[in-house]
Amino acid sequence: MGKGRIEVFSDGVLAIIITIMVLEMKTPRAAELSALRPLAPVFLSYVLSFLYLGIYWSNHHHLLYVSHRISGAIMWANLHLLFWLSLVPFVTRWMGESHFAPGPTMVYGVILLLAGIAYTLLQHTILLQEGAGSTLAAAVGRDWKGRISLLIYGVAIPLAFLRPWIAGALYGFGVLPWLVPDRRIEREVDLRR
Amino acid sequence: MGKGRIEVFSDGVLAIIITIMVLEMKTPRAAELSALRPLAPVFLSYVLSFLYLGIYWSNHHHLLYVSHRISGAIMWANLHLLFWLSLVPFVTRWMGESHFAPGPTMVYGVILLLAGIAYTLLQHTILLQEGAGSTLAAAVGRDWKGRISLLIYGVAIPLAFLRPWIAGALYGFGVLPWLVPDRRIEREVDLRR
Amino acid sequence: MGKGRIEVFSDGVLAIIITIMVLEMKTPRAAELSALRPLAPVFLSYVLSFLYLGIYWSNHHHLLYVSHRISGAIMWANLHLLFWLSLVPFVTRWMGESHFAPGPTMVYGVILLLAGIAYTLLQHTILLQEGAGSTLAAAVGRDWKGRISLLIYGVAIPLAFLRPWIAGALYGFGVLPWLVPDRRIEREVDLRR
Amino acid sequence: MGKGRIEVFSDGVLAIIITIMVLEMKTPRAAELSALRPLAPVFLSYVLSFLYLGIYWSNHHHLLYVSHRISGAIMWANLHLLFWLSLVPFVTRWMGESHFAPGPTMVYGVILLLAGIAYTLLQHTILLQEGAGSTLAAAVGRDWKGRISLLIYGVAIPLAFLRPWIAGALYGFGVLPWLVPDRRIEREVDLRR
């Protein structure tokens, strides 16, 4: 089956998720600049989620780029990932509006964790099909970035109840290893040309 | 006429439908985890509709994959299907917010039924054009999945007035036969290569 | 310049316009079926606008299909059309919520008229580039459908102040000639193959 | 890496941004035509932002058209641009609803400025990769349009505190040089064919 439509559909869903988050930022009623101040935590959580969704889009892009065939299993693993990502605007808004209160900050981490696991599952499903000698297998390697992310979320989630702002900072840290997200795959692709 | 744009447009509409549903989940005002509890039926109906729309997208994908030409009739049959699917967020929200009350639960089933009929019509329109000896005709066969789904909705709709939660469970059951949605078409495509 | 992106962008905008209209239908607070009755005019105006946007998408599809090159002028004529169409959800909601009151019903017609003129301009811009002997020129011919539509809106707009429901019915009539929207173009394409 | 997905994703995001702005225009409760009058500044700011986003889409289209390879740096520069553009609906609504009050009008200019800088950065990142002898380098030249725009915003932003309507008019002026946005690139592409 063709890759085209799964890419277009996923791009569409990710583009909508990343864009509707900004709809959540209610315009202040007052026209003074100071009216923006209470929006700061909402804006901060928007930036964080924008980065995460940008990373997911970019990684997803590379993952499908090196896949050769889309099976039913891959299609469902992909929908599973999109499901958890679709909840990101909800938890972003809740965390922002509650000014990083313990409960919402924890739930935000849980959604990140579940999305991370869903991505790992999707990667695994594609790897199973591509085989151990494939470009993808070499590129992913031991997947230390994926493991570190899941570890960070695992630490931040319980911490959110004690020090929610530290948990928020950890979510921010979780972005860093991905900022150059796919040198792995790019290098492999170049090597095999 | 090209298949490209009907696929892109349908993917766009389906991606938006599946994503805006989550906009309906209002963030709780309280920051406690217990504030999520009243959202449970809303979340449940969201999961159900996400699965249905995922199935529709996947089946639609396969249906167009084996079509060779898009006529005006197919274009309108496709818009007809998208129309009923576009009402899914509305009935999802109503069923969820009313905590699966009889009326909304019945209307949800009616929309599923109408979307199911619209899909059957689209399939029929494409079959008419492709012919009885086509890949699609062999793949669809007697279409027992489609028939079972319509039967389930037909049972669940009146039942919604007596036992709405049983109707809701039936909608959930209606998902199961589609979870491996197109082995039929995949097998046929492989056979004919 | 390539046609691909103008098609993807237009499809995206049209898909969003057609889908967000349903967001405007507020879920009734009550869970009784009778709570749907006051939504009838909102639903009716939604169906009308869905049909119009479906027609625009389909005609737009055919128009670009027979174009060979996208100039800057075509790009702006296309954005101009999308601008008026982007106002359709606003006037649809207003006409529906006001139960087809004179003012909103008139404004709805004005937007249809402006979108119709914008489509004619886009067609003209493409025709200028393709030339008088092109497939498109032969297919469009005297464009009686386009002329009839503009005539219908021209009659319905002033009528909306006296008999808004007749104006609404005329908008419905305006759909009919387009229901087989582009046999013209399809026939021409077939002839020239 | 392929250009296809970055184009589809950007088109999706831009299509959503340009379309959801109209969702912000609340339908008047009254059904009289005069009820539209208070919407005038909201409508005006919508037109302005529609034009700007149309220009960005069109320029983005041309920029990627002449790029040959999408690196990780380009992908992030592109996301950076989309981030600032995603804030346009928020500031459009605020400026419109406040009837072009000083604060919101200034913030609108700041977002235009940041988006303009992000576009320049994206252009620069692509130029670095394409090289000084490339089609793009010749087409962009000294980039006087980009410079004039940034200059206009730089003047309008402080002015917004004294005379917000003049700042608004300047934002309108900033559109003009872009109305024929890419004759530069089109000419270069033609020359090198």
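Chains: A, B, C and D, in written order; residue numbering restarts at 1 for each.
Here, a residue touches a chain if its C-beta (ideal position, glycine included) is under 8 Å from a C-beta of that chain, and two chains touch if they have at least 3 such contacts.
Keep in mind it's a predicted model, so treat the numbers as computed, not measured.
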item	value
Same-site or different-site touching of subunit A by its copy subunit B, using the half cut	different
Degree value of the rotation bringing subunit A onto subunit D, based on Cα positions, nearest 5	90
For subunit B paired with subunit C, centre-to-centre distance based on mean C-alpha positions, whole Å	26
Between subunit A and subunit C, centroid-to-centroid distance (C-alpha), Å	37
Junction residues of subunit D - those touching two or more other chains	8, 12, 15-16, 20, 23
Residues of subunit C touching subunit D in the complex	1-2, 4-6, 8-9, 12-13, 15-17, 20, 23-24, 71-72, 75-76, 79, 82-83, 86-87, 89-90, 93-94, 97-98, 101-104, 106-107
Interface residues, subunit A side, partner subunit D - complex	7-8, 11-12, 14-16, 18-20, 22-23, 25, 27-28, 31-33, 35-36, 47, 50, 54, 57-58, 61-62, 65, 179-183, 186
